[in-house]
Structures are given as structure tokens and as C-alpha cells.
Amino acid sequence: MKNFFFKKKTNIRINDILKLLKLKKIKNNIKINDIKDLDTASKNDITFFDSLKYQDSLNNTKSNIVISNKKFLKLIPKKLFVIEVNDVHLSIYSITSLFYPDASNDSFDSSTKNLKKNMFKKLKYGKNILIGNNVKIGNNCTIGHNSIIEKNVVIGDNCNIGNNVIIKNTIIGNNTNILDGAIVGKKGFGFYPGKNKNIRYPHIGAVIIGNDVEIGCNNTIDRGSLSNTIIGDGTFLDNQVHIAHNVKIGKNCIITGQVGFAGSSSIGNKVMIGGQAGISGHLTIGDNVKIGGGSGVIKNIPSNTKVMGYPAKNIRNFLKENKFND
Amino acid sequence: MKNFFFKKKTNIRINDILKLLKLKKIKNNIKINDIKDLDTASKNDITFFDSLKYQDSLNNTKSNIVISNKKFLKLIPKKLFVIEVNDVHLSIYSITSLFYPDASNDSFDSSTKNLKKNMFKKLKYGKNILIGNNVKIGNNCTIGHNSIIEKNVVIGDNCNIGNNVIIKNTIIGNNTNILDGAIVGKKGFGFYPGKNKNIRYPHIGAVIIGNDVEIGCNNTIDRGSLSNTIIGDGTFLDNQVHIAHNVKIGKNCIITGQVGFAGSSSIGNKVMIGGQAGISGHLTIGDNVKIGGGSGVIKNIPSNTKVMGYPAKNIRNFLKENKFND
Amino acid sequence: MKNFFFKKKTNIRINDILKLLKLKKIKNNIKINDIKDLDTASKNDITFFDSLKYQDSLNNTKSNIVISNKKFLKLIPKKLFVIEVNDVHLSIYSITSLFYPDASNDSFDSSTKNLKKNMFKKLKYGKNILIGNNVKIGNNCTIGHNSIIEKNVVIGDNCNIGNNVIIKNTIIGNNTNILDGAIVGKKGFGFYPGKNKNIRYPHIGAVIIGNDVEIGCNNTIDRGSLSNTIIGDGTFLDNQVHIAHNVKIGKNCIITGQVGFAGSSSIGNKVMIGGQAGISGHLTIGDNVKIGGGSGVIKNIPSNTKVMGYPAKNIRNFLKENKFND
């Protein structure tokens, strides 16, 4: 998939990457197309392996070149060319910045202009609205006062954007509402602890929001780092929900107030999550799962399960354990 | 009580409602005044019963017409006329929308105008402020920069409204402060899961805020669905607090940062709640209750009790259980 | 240390204070310079003692005059002059307001003017920005749309301030980013429950933010009451984090989404805190501490420790206890 929003450098060769990583040049200086995760990488993309969780993806990747460290070397199929580094994340960061030099800078969009009559069809809008470059808005939408639609935003038909909303790098379907004060599409919290200093991480992903979605007041929904953050059709988010980078939420979910999602978790369809629950990073939650309010989910949950507690467990066990000790 | 803010249709008869629900007409086509909950409904209002929790209210309702489903039929006093439906909530939604066609639309208020000198008495105000229709502001108030007072707001004397505040459908007493970024009076998270799609719920209630109240930065306080959301005199809310629809909070409470209330709970007077605690929906918390930080309250709490934990229990038990396992 | 931001009355004598507290005058009507906590008070400052936690500070204070109540009288070194009151906090509140009459009023800053060209060097800025009195901004900074820099703010070089940001009473280092919707420097939640009414507390402290810091979207960071709120160099805060008054956070910490800090806690360097964790007030967290997501920390944590749970305990114990009861 092409990156809609961030301009990619197109003339990067493997020796450019090896030089950046302070490694030796090789003879066969092939062109590298992009940096992607194991699942989405193609033949000419470079990819990376840094956790046992992704062994299956590693075995099935279409990429030919994988960055990894000593610890994982023997797990890597022999047909792959391995670039061994000390710090996989730092290397990904550097290479991504090489391909996408604009993806780390997240300061305000200076391309915005005041919204004026006839810029969009049948748009009903408030006062003091700013619109950036590369913004498309469908028919019959509304945009509230003081809202800022920064660059790289596509909004479908019949959408209502509230007051004081900020959006960038986001694609929104039809019949979707973004309520007051929501902030959608900012760079995620992609840091990792360096020896002397925390290092910022580039974010080349977008936020993809489906049809018939509701995004609550003061929500914060970060765009993806290498993949996208996705919210499926018919899903409703209450106020003060936080969604970190790369999270995928399915269709027709109901997420109540102050719920938080750490990065890269994947949530099924028709999932209901009670207020203030937290979902750890890199988890898979099945379809029709019900998660009780206040729960802390720290492992995968199969479909059609009700859980509650911290850490979250089967709700019958939670209620049984807590019955008599009042 | 008359609904201050939403215009009600006045010529609805019971056969209009039966038709809407795809049920048979009846002979005695009486006029129906409104749709209300069991406690507040009068003789000519239609009401509904869908949970054993409200058996007492059912027995004492002044309404003559109740919507319910098969499961509850035998609990309903014989003197009441019952409209049996499959899905009580969906029916309430439809009927409320029939009475109040404007209560589901919560897009920005296009009636707002820039605040100008002499619109209100002795008002000290910042830049770029918008004021909607049907807004009253008392003496000696302040309103900060970029704030939006949408339609249907009454503010008393000596109130301070911060910067970037958004208010609609709200009545505020005297000497009350609403701090920066707070969003008050939006439609609550009134959805319920339909078979194929989540259904939005109309909200015809208001937010009623007393005297000497403090509403913290970035709070979100939703208006009620069929009743009001109420915050009593002298109650202080810290930053990032979320209050769902229909919650009633008593007088002189102290609610610290990031606390969340699910819908329709009722909190007594002089209640203190520690940071990040969550209160489930439809609960009753007594007077002088102290709830420890991080607690998850999932059942009623009698007056003069200290609780902590998830689920919240007597604080002595919580501390005893957690003493030796460090 | 001089108070940068709040103007102090300079001619207060001890009998002014005794009169305010409705106590008898004394003969030696010495001049009092300020009111400070036990650790920071000098010879001519008045201080206060109201908790056994601060016994060490009491024994080492440089102040000669301490406010306390009956309960603590025998713990106070004899060389100190004691002002005995019923309610220590109410007395501090009154005395602080005597010294700093402006520190309780936190309504919007009416001194702000629209940001114009050439007000600051090499500043790149958006639309509709307001700047208050006593604001300094370094070189090569950016400020996003609709942001409000109220009075008493110092910003270093190479800082990026997002959209819809509100800052007051804050000192910021170099290379620091404040993301969209953050509110920094407001009065903390300094109330305490009076007999009939909650009493507001003056806040004469600032927020001090170091170099290379990142403050996430919709964060709320309150200024200190009598001391400052401090965020050390290289520390990163994710979205929706809440930091109460007087909290001190060390260097190179990583604080993820929706974490909350109650007042006056002190956090070491290189501390990592997972999403939605809460830190109670008046605690000391050491260096290199790792706190799992969702934890509720209610006691001090020594350096180099990993904790998780509610209440937070050693992470090995937490995982062991929760292993088999799924």
C-alpha cells in the first residue's frame, strides 16, 4: 500500500542503509523500496524482527532483508539476508527517517487557511475554522467552531465534526461524528529509552476511521508508526478515550469513558468495554468480548468471553473471588 | 417539570405511538403528554419498565401507561395499561424522538454570534467568544478566550468561565467556576447495541450545576437523557473528570483528578473520591462516603463508609488483605 | 528563592498574622518575609507543621515561627515560636492570601494581546494566538493555532507549542514540545473540606519544565501551591496525563497515557510508568523504577524496583498471585 500522506524518498539503496547503521557496504547494492513490518513488507522492502511474538510473521514475510540482533539470529530463515544490529528499534527509527524525513516533525500545520464559502459542497460550518493542504470533505457535513483540519485529511459524506476538534493524517468514512475537543492523527508516543536520552520515533501511518463511527469529546487518537490506527464501522467511543498508535478496533464496538489502549493491540467486532478499562499493548482481543469497567487487560482474550478485573480474568471468577470479602 | 431547552411536540396521541411501534391501534386514543421515567412521569405521560431495580418505582408511578417486555409483564400492577414490545430501549428511543425531534442532533450550534460589549451586565471577557441563542449570564462574571457558550445556557452571578470552554443545555448557579477546556452539556453516550448497528439515543435532559461549584480543566459533563445531570452546591471537581448522563452529585463533594462516573448514579453530600476512581452506573452512594483513589465501585455504598479497592470494599479489609503480600 | 510570578506584599508583621488568625498580639512585632514549607523556609519566614511525615523537616527547619495545632505541640523543638491554631490548613490559606492577594484568582488573563510579527525572534506561528504580559520566548520556536500563552511564561529555544495549548505561570527549557490541547500552569486542586463549605487554596508556585521534554495532548499540569511543580530534562509524557500541584518528576522518565499523579509526590530519574497508573500524593519514587500499567501506587518505592498491581507491589509477586486464577 502506498503511503498517502508522507512523501517517500525513492532512491535509497541498501548501502545507504548500511552506511547509516555504520556497517560495511555489500557488493550487490540493490534498491530498497521502503521499510515495513513483517506482514506488510514486499520483496523490495526492508523489514525487522525483534520479538518471539512475530515468529510466524517472520516465517511468512515476503521481504528478503530483515534487521535483527544477535539474540534472534538463529530463528531467521536462511533465505533472508540479515542485517545484524545492536538496537533494532534505533535502526528502524533511523531508516524510517531516511525514507520519510517529514514524519518526525509534528509541529502545527502552517499550510492552513481560513475556511471560506464554497471551498466544499453543502458544508455547514462555524466560525474560525482552519483547513490545511490536501483536505477533502464530502457532502452534507458540518464542522464546529474553532476546529482545525490540518493537512492530509479525507472526510466522507454526512459527517459532523464538533467544536475545537483537531485532525490530521486521517481518513474518515461516511456518517461519522467527531465530538468536541477530540484530537485525531497526532504522532503516537513512539519513544524508546536510549542510554542517555529518550529517542523520538517517526510516525508514517494514518488514522483510518470507518462509517457510522462516533468519536467522543476530548478523545486522543494517535496515528500509526509503520502501520495505521484503525477504527471500524459502527464503533462508538465515549469521552476521554485514548487510543495509541497502530491500534486496530473492529466494527460495532462500544468503548465507554476514559478507556485507554496501549499501542498495536487488535480488537475484534462487537466488543464492549466498560469505563476506565485499559488494554495493554500488542494484544489480540476476539469478537463479542465484554470487558468490565476498570479492568486491566494484559493478555489475549478469545472471542465470546466476558472478563473483568486487574489483571482481567473470566468475569465469573472475578465475581466469585470478590463475593465474600467485603 | 417542563423541559427548558428542547421543544416538545404537543399533539401526540397513543395511537401515534402504537403506530410508530408497529402495534395495533386502540379505541381510546388519548393524548400523551410526554415520555418520562417511572419516578417523574405524571398521569398523562408514558413510562417504561425494563429492570428489576425499578420495581419500587413501578409500584409508585403516577403514569397509567408503561412500556415493557414479556419478561416483566407479571410484575406490572394491573391498573397500568401495558404496551408490550420486544426491545424496550429501542421503543423509548423512537418515542422520545417523536416528542423531541431535535434532541438527537448534537452538531455545533450555528446560532452563535461573537460576544460584544453590553450584551451582558458587568461581564469581563476575553477574545473570540461565541454566544448562542437563549443564553443568560448574571452579574460580575468572566468568560475566557475562545470559549463557546452554545444555546440554552443560564449562568448565575459571579461565575468564572475559563478559556476554550464549551457549554450548552446547562443551568449554572452563582459563584461557580468552569475551568479551561471543560465541555459541559453535550449529549451523553446513550447508545445501545442493536442487532446490526449501535443505535443513538436522544438526550432531552440538561446539566444543572449549583452554587460555589468548581468544574476542573478538560472535564466532560454530559447532559441527561430523560432526566438531568446534577452537580450540587459547593462540590469541586479536579481535572479530567468525566461525568456521564443522568448522574446526580450532592453538595460539598470533593472529586479528584481523572475520576469517572458511569450513567445514572446518585452520589450523596460531602462525598470524597480519590483520583482515578470509577463509579459504575445506576448506583447509590450515601452521604459522607470516602472512596479511595483508584477504586472501582460496583455496588451501592451506605453513608459514612470508607471504601477502597477494585471492586471497592471496606477500607480496613482492603488494607488488611494487602498488608503482607508485598 | 524569590517568587517570579506573584507579587508579594512586603510589609507584613507577625501581629498582622496573629490578628488575621484572631489570636492575641505579641510584644515583639517582627517583620515576616513570607510563608514557606519547613524545608524551604528561612529565618524570617513563617512555616507550618501538620503531619508526622515531616518530623525530620521540622527538626531541621531554618524558620523560627511555626504554625501547628494542639496535637503536635509536644513534637515541636523548643527554640521555635509556635502559633497554635485549630485548623492549620485554613491558617496557611489565610496567611498566603495575605502575602499574595492575586494567587487565588485564576480567571482568564485579560492582559493578553494578539501575537504579531516581530514580537519574538524567529518564531513560526499559527493563527489566533494570544500572548499575556511577562512572556519570553526563545529562538526558533513554533506556536500552533488558537494557543494562549497567558502571563508569566518563559519558553526556551527550539520549543514547539501545539494548537489549542494554554500555558501560564510556567518556565520551559530548550527543545521541549507541548502538544495540542495541553493545559499547563493552572491553579492546582487545592481545597480542603471546611465545616460547611470547601475552601479554595492559593497557589503561588510555578510549573518548571526542563529541556528535551514532551508534554502530551490534553495533559493537565497544575502549578504548585507553596512550592513548584517540576518536570525534569528528557522526560516524555503521553496523552491525557494529569499532574497535580507540587509534583516533582525527574529526568528521562517515560510516562504513558492517562497516568495521574496526586499532589506533592516526588519521582526519580529514568522512571517508566505504564498507562493509567496512578501515584498517590506525598510519595517518594526512586530512580529507575518501573511501574506497570494500571497500577495504583500508595506507598514509597525504592530505586531499581519493578512494581505492578493495586495496590502496587513487587511485579514478581503480582504475577505469581495472578497466575493460576484465570
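Which chain is which? They are A, B and C, in the order written, and residues in each are numbered from 1.
Here, a contact is a pair of C-beta atoms (placed from the backbone, for glycine too) under 8 Å apart; a residue touches a chain by one contact, two chains touch by 3 or more.
This is a predicted model, so every value here is computed, not measured.
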Homomeric contact chain B-chain C: same or different residue positions, threshold half: different
Fitting chain A to chain C on CA atoms, where both chains share a sequence, rotation angle to nearest 5 degrees: 120
Length of the line joining the C-alpha centres of chain B and chain C, rounded to whole Å: 33
Set of chain A residues in contact with two or more other chains: 128, 146, 164, 181, 218, 240, 258, 276, 310
Residue ranges of chain A touching chain C (in the complex, touch as defined): 106-108, 110, 112, 114, 128, 130, 146, 148, 164, 166, 181, 183, 186, 189, 191, 193, 196-198, 200, 218, 220, 222, 240, 242, 244, 258, 260, 262, 276, 278, 280, 296, 298, 310-311, 313-314, 317, 321
Chain B - residues contacting chain C, complex: 124, 126-128, 142-146, 160, 162-164, 177, 179-181, 212, 214, 216-218, 234-236, 238-240, 252, 254, 256-258, 270, 272, 274-276, 293-294, 309-310, 322, 325-326
